[in-house]
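Supplied in structure tokens, the structure appears directly below.
Chain naming follows the written order as A, B, C, D, E and F, and within any one chain the residues start at number 1.
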Amino acid sequence: MGEDSRTVEARAPRLSFTEMTEIMLPQHSNAIGTVFGGTVMAWIDVCGSITAGRHCQRTAVTAAVDDLVFLAPIRVGDIVVLKGRVNAAFHTSVEVEVTVEIEHRVSQERRMCVQALMTFVAVDAAGRPTPVPPLLPMDEDDARRHKEAQRRRDARLAKKR
Amino acid sequence: MGEDSRTVEARAPRLSFTEMTEIMLPQHSNAIGTVFGGTVMAWIDVCGSITAGRHCQRTAVTAAVDDLVFLAPIRVGDIVVLKGRVNAAFHTSVEVEVTVEIEHRVSQERRMCVQALMTFVAVDAAGRPTPVPPLLPMDEDDARRHKEAQRRRDARLAKKR
Amino acid sequence: MGEDSRTVEARAPRLSFTEMTEIMLPQHSNAIGTVFGGTVMAWIDVCGSITAGRHCQRTAVTAAVDDLVFLAPIRVGDIVVLKGRVNAAFHTSVEVEVTVEIEHRVSQERRMCVQALMTFVAVDAAGRPTPVPPLLPMDEDDARRHKEAQRRRDARLAKKR
Amino acid sequence: MGEDSRTVEARAPRLSFTEMTEIMLPQHSNAIGTVFGGTVMAWIDVCGSITAGRHCQRTAVTAAVDDLVFLAPIRVGDIVVLKGRVNAAFHTSVEVEVTVEIEHRVSQERRMCVQALMTFVAVDAAGRPTPVPPLLPMDEDDARRHKEAQRRRDARLAKKR
Amino acid sequence: MGEDSRTVEARAPRLSFTEMTEIMLPQHSNAIGTVFGGTVMAWIDVCGSITAGRHCQRTAVTAAVDDLVFLAPIRVGDIVVLKGRVNAAFHTSVEVEVTVEIEHRVSQERRMCVQALMTFVAVDAAGRPTPVPPLLPMDEDDARRHKEAQRRRDARLAKKR
Amino acid sequence: MGEDSRTVEARAPRLSFTEMTEIMLPQHSNAIGTVFGGTVMAWIDVCGSITAGRHCQRTAVTAAVDDLVFLAPIRVGDIVVLKGRVNAAFHTSVEVEVTVEIEHRVSQERRMCVQALMTFVAVDAAGRPTPVPPLLPMDEDDARRHKEAQRRRDARLAKKR
């Protein structure tokens, strides 16, 4: 029973769910007082790669940002909560969704400000792609995410042909 | 019913519980390949101030690190999970516990590597200390934490006299 | 002749072409010695926002990463060249392509390592979207880029409906 | 005469005294214009580890922050002076005091703003704790610091039992 | 024909010309809202070392800043363009000129704000100085730069004697 | 007696002497394991501007690096000590010398690795140059530095004519 056998056990999405909380400091802002897009993108990348690494149980590197939308500006002083979820596992890669929400100081209500879909590839110590565990959807939401991720992947592959 | 009345409603510790996940990059390390203490202390401060800010529903600034112990070294590539909890609320300040755990890549087991007890003060826009909501312990663990924090505070005040 | 009239003059893509050169330092790397995806994404965002800002002649903020693909890993010590081009201008937004190439130390040959398509929105001082100058394609390549960007935008709008 | 014999020679506190001067830039500030606690804590850690390393004549890593108090806020533009002193040397560790003072621009008067007591452990290349030179108090102030540090250590050890 | 023979082929200045574009963010500023000199100096060093490395076709390290003048302040939000050119190649070193220009947002006019002359040394993997390719001036401007750099070098050597 | 009268009192060089201590972390290094020139230049700029600000008793901005020489490479893990001294005060500017020394871990011997001569200009809140206090040389070394700085300034002015 070697390393390969380890990777065949399917894993539920909640095993790799990742939550990060950050506070926006002046060093993260651009010249007009809102948060510089690049800072948020770097945090999203950290959150996504931890999520992917937890599912794959090894290092996962960023392969693509398939879609990332800024829905609302983030301001200095805002608390933001990032959440990473594996939507689907393919042969050597996973699709991860990362969301960013702003939390209101007093009411603690959260408002979605960024949504991102990214692809990460599991790599061995030499940086070569390596098989990843299958994803085991546990409920309807998991199943829907899995189906939609598969459809997006099919569309991407069709575009390349 | 003004701002003051808002602050009198007691709040359960779980309302301000904060989780941060970070990955150790080479830029966080010292010359011998483990993580530079100052980086971890800066993250602990961010985690603690978000926790305190959530309880107080306003900005909270660091007043003291009462006790912070490094139990195990953190290495480049490690995933760490920070957790912040309010142990007790006093007149204008709160005691927050922040723990840092290292997560094993494959087994995902976590091992405690830093434990910290800090005091944060709620401030208004002019930086003046401001009353904070009381803490509402919900179970035995909450009650034990509250009692121990009160005892530590009494000991600190006694030492100053 | 006010501010509005200024924005109606069509501008050629070469007027906003942007080139950035960076060198990969250890602080940009992840734990396996290649460059951390988030660092590259932050640079791409800077390059794209300068490109968009030059076309719009005002501040432009990141609205979306429509597609970003990592084609090859970047290593510590590598020189990278980023290039930003406006593909198309819409009502208050532009599509910008940013490419990242690695330059070989001795031969100075360049190899594409990241390709990104992003959308930026021109904003006024209050952060409100503001009309942008039309794009004036000057040759066949400009025209092809413009057409493809328009098709991608139509596909995105169709998906939202 | 090997490495061990080197470490038995007692060293005066002034041999490891460390002074750092820093200027507070906007990148160090939090959202309310004062300096982010984590930045100051990271500087204190650098100052303390240089002080400890000078006494031990090898790398010293942070073991604990025993007590750290913020006495006054630091503002953007302030010059701060950090000073590190070894209070006591134990078997493989030292207690270091780090103070942070704000210097007034015109009068150059200094005002204490942070006081910290930290424990550092001397380590060999494999990260294992290593004996440290004894401390040689030279005057009354040195002797008082040494005695108080010993008392704090006794109290910490008593608490653990 | 070994490594040495490679370095004898003279290279035109345009082969190592380097352009960097950066945007001034609040994290780059000092307490009075203009850009912190150290940030600009670090960028100039990156630009110069890429320029020198391109000419030498190997790593080049900073040996000296012979002259660097700030002609105008840079403000947060400004776009700056850095340009690096090799003025002259000596035995194991090159003189590089780096200029920094501020670009006006609307007119895109550029105004010189920093001029720097630096010396870089080509090094092998062990950090030892290594012969560099001769410079091949292609036009009158190249020739003038070369002559002036030679004169400056003669003056520096004369001063040391 | 207004602000102007304050600036006429001559000040001894030791009143503005500045010492900074830093430790070289991997984030400061370049791809060949020595310290990135730009990092050292940024620290030198901080040290120089604090020194100048102390003499002028107000904010001083970098006007020029007249001469900066790297004498020895700095390696990750090295402790470095920066020292800033005012050599001469002119009408609205000062010449500051900043030296950087590497401290040997065991012997604590220091070795000069960078020497820099810089010019800083005192500015008022609007960024306009402002008269600075005269320098009061106290001993032979102070007098020699003052004379040499005056000679360098004369040479620079002569070159511009």
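As a working rule, contacts are C-beta pairs under 8 Å (C-beta built on N, C-alpha and C of every residue); 3 or more make two chains touch, one makes a residue touch a chain.
Every value quoted in this text rests on a predicted model; they were computed, and no experiment measured them.
Of all chains, the one whose Cα centroid sits at the greatest distance from that of chain F is A. Here the spacing of chain A and chain C, counted between their Cα centres, is 22 Å. For the pair chain A and chain E, the distance between C-alpha centroids works out to 40 Å. Centre-to-centre spacing of chain A and chain F amounts to 47 Å, using the average Cα coordinate of each chain.
Along chain C, residues 23, 26-27, 30-32, 36, 46, 49, 59, 77 each make contact with two or more other chains. Here the chains touching each other pair up as A-B, A-C, A-D, A-E, B-C, B-D, B-F, C-E, C-F, D-E, D-F, E-F.
Interface residues of chain D facing chain B in the complex, by the touch rule stated above, are 30-32, 34, 36-39, 41-46, 49, 59, 61-70, 73, 116, 123, 125, 127. Contacts from chain B toward chain C in the complex involve residues 23-27, 76-77. Taken in their complex, chain E has these residues touching chain D: 26-32, 36. Those residues of chain A that touch chain B in the shared complex are 6, 15, 18-23, 46-47, 49-50, 53-54, 57-59, 77, 79, 103, 105-106, 108.
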